[in-house]
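Structure provided below as structure tokens; questions to follow.
Order of writing sets the chain letters: A, B, C and D. Residues in each chain are counted from 1.
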Amino acid sequence: MSENFAETALRLVSVARGLHARGWLLGTSGNLSAVLDREPLRLAITPSGADKGELETSQILFIDELCKYIDEPRVTLSNDRPVPGKPSDESPLHVAVVKARGAGAVIHTHSVWATILSDVYANEGGVEIEGYEMLKGLDGVTTHLHREWVPIIENSQDMPTLASTLNEVLVKYPSAHAFLLRRHGLYTWGRDLKEAKRHVEILEFLLEAEGRIS
Amino acid sequence: MSENFAETALRLVSVARGLHARGWLLGTSGNLSAVLDREPLRLAITPSGADKGELETSQILFIDELCKYIDEPRVTLSNDRPVPGKPSDESPLHVAVVKARGAGAVIHTHSVWATILSDVYANEGGVEIEGYEMLKGLDGVTTHLHREWVPIIENSQDMPTLASTLNEVLVKYPSAHAFLLRRHGLYTWGRDLKEAKRHVEILEFLLEAEGRIS
Amino acid sequence: MSENFAETALRLVSVARGLHARGWLLGTSGNLSAVLDREPLRLAITPSGADKGELETSQILFIDELCKYIDEPRVTLSNDRPVPGKPSDESPLHVAVVKARGAGAVIHTHSVWATILSDVYANEGGVEIEGYEMLKGLDGVTTHLHREWVPIIENSQDMPTLASTLNEVLVKYPSAHAFLLRRHGLYTWGRDLKEAKRHVEILEFLLEAEGRIS
Amino acid sequence: MSENFAETALRLVSVARGLHARGWLLGTSGNLSAVLDREPLRLAITPSGADKGELETSQILFIDELCKYIDEPRVTLSNDRPVPGKPSDESPLHVAVVKARGAGAVIHTHSVWATILSDVYANEGGVEIEGYEMLKGLDGVTTHLHREWVPIIENSQDMPTLASTLNEVLVKYPSAHAFLLRRHGLYTWGRDLKEAKRHVEILEFLLEAEGRIS
């Protein structure tokens, strides 16, 4: 698993730095994960409180399906010594998405437009996005006539409750590619980190477009 | 043709990465092409589904005037082995522009402002842009008093029909430098990739200016 | 102190260049400082009138608690010869924050949104920011339900008076993480430069979100 | 003069690329110049039609006070052979500013906000900017209470007439640091390129702030 981890860590860092540059992961906000193994579940995840613009592979951590930190030797491409850290507080949401959707990677961003729309549309329970060619970049979508419903979940600091609500939402909207936490940010995922990153770019674009016309 | 291809591929990659950085090609959206030969027509084009921010010369493909992939050896400057791929689904629109306008390069971007205006002005059939000095950067325009009409074409997944509509639009507006696909994005072109890139920058600028005052 | 200074100067330069790239320190505006010693107080600070996008470690200066320039040899990592300069005119505000809050670093940015909101909310005496997950990135904040009050101080060129008003404000709002100078910009701080930078990113994000919805 | 030219050309290229990255010189718009000699007047200036994002020192040209291209050997730092080119069409405006203000460098940008405000305030003849700390970055300004009047000149393709109108405006507003051409862009200047760049950043910031609140 170590070599696999080294490459995955490098890709997590590369994507994180790029999204920070766009202003979608400011102030240590947001987090990213990628599946290393399914049985038993092993996730590589960004640590709590890290500046994503200066993230290093040595900061990426292992967790299991209970979100517990796994203290196995981590080999990084740069041969830097692993930095001790705490997995992201929102690890349970990553694990929930991975298990419910079979996702290979999960990305959570905090953009200004996602934050605004998650509040504006909170009473409607979600943001409806329809009729954009850009939607075709979402996995399985073949026409701009597609209607994407991005559910909004009320924000909470009670992580077990939030994970439980999320599980219900993922069941209720089986074809949703993403969800918003109110006044918090966007979660999306993909079969791998590349697809998850593509989904972030598409959804952030669409939320900005919706935000500017609303 | 191989050496010509290698340089063209490098320039396509360079322009694509730059436009992705500006947020105009997010989420694998958009595509770029450049003419390699006229008789018979040979186009270098970006593949379907590529992340333009990480595009490599090895991903650039050849197509003919029927948009068929040409399986000739491709030589890349980096000596990377060509990556198998599928030409962009919108290749017929690139070929249509090249044939109708004699263009040497075609660029299709997806920006937030182009997307918004393509919907706001859809019922009027196009966006009128007039009186800006920036217009003088469009090929053949010598005064800011120029009136540019950017036709809007209803979006469709039926590519032959869309190409046919586009041909009519190109005939109807022989001096247009660009067109919009509704809620989809901008197409523009030039004698070469340099001019096509210049036209992208000018039109995206003008659409943002129009969008912010409308 | 010299080695400590060299590293601190390098970090000040790195943060300054990054914030300039985001457009938050345009036109030589803004300034940054970091504590080198507490007893007696020694601050490394950016010089007056420097282009933060081209800042060099050789331009960073020492000052004492009276904001007087200290003419001790400065060792820079690059071994460039120290460039003579004048400490930022706003040094008294940096010293005031360091003494009142025990801060290890202070950053002052000029962003468009901070400038706008500092005027819009001037009559209310401050900007109230509440209910955003992003608030949790502020030191000591553990829930998005936190209510942050960012006091607004009337701008002035009379630096002793401004420092005196600032001292009153810091006493009156002991839990504030930042303040705005009206039509001028944002001041925030942290235990170290890393935390101060995190606070800048968080507050600039929140002010932009508030600005776009107001 | 050759060595002086080489360094000046390098600085012009560096500033031009940076301003292009910010989106203020898109599509070959805008131009920059710096004085090499006063008696007789010699200006280094960007060529007509150049992509500022890919500008090379070999493209920078000499002109005299009649804006005539000077065919002297140009030495570039990179030892690239000088590229033949045509001086910017707006060279007469650069020369007018240099002579009227004694400026050492002139920068002309095309930003979205400057373009919008130059039209919105055209009937008032200029944009009044007052009360911002950022104003203190303009040469000679010592307080945010400063009132800057940025005159707006009607755009024209008749360059001699435009230069003549400009001369009247420069006489009428002897303390103006900049002017706008309607629906065209911003001109500002400084004792040297560094100051001119600082003025660009300050004025673009202020115009954006004014544009967002108006």
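Heads up, the rule we're going with is that a contact is a pair of C-beta atoms (placed from the backbone, for glycine too) under 8 Å apart; a residue touches a chain by one contact, two chains touch by 3 or more.
None of the values given here were measured: they were computed from a predicted structure.
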Minimum number of chain-to-chain touching steps separating subunit A from subunit D: 2
Labels of chains that are neighbours to subunit A and to subunit C: none
Farthest-lying chain, centroid of Cα atoms versus that of subunit D: A
Equivalent interface positions on subunit B and subunit D, same or different at half: different
Centroid distance [mean C-alpha coordinates] between subunit B and subunit A, Å: 31
Chain centre separation in whole Å, for subunit C relative to subunit B (CA means): 44
Subunit D residues counted as touching two or more neighbouring chains: none
All touching chain pairs, where touch follows the definition stated at the start: A-B, A-C, B-D, C-D
Interfacial residue positions of subunit A with respect to subunit C in the complex: 23, 26-29, 51, 53, 110, 112, 115-116, 119-120, 155, 157, 181, 183-185, 211
Residue ranges of subunit B touching subunit D (in the complex, touch as defined): 18, 22, 131-134, 137, 142-144, 194, 197-199, 201-202, 204-205, 208-209, 212-213
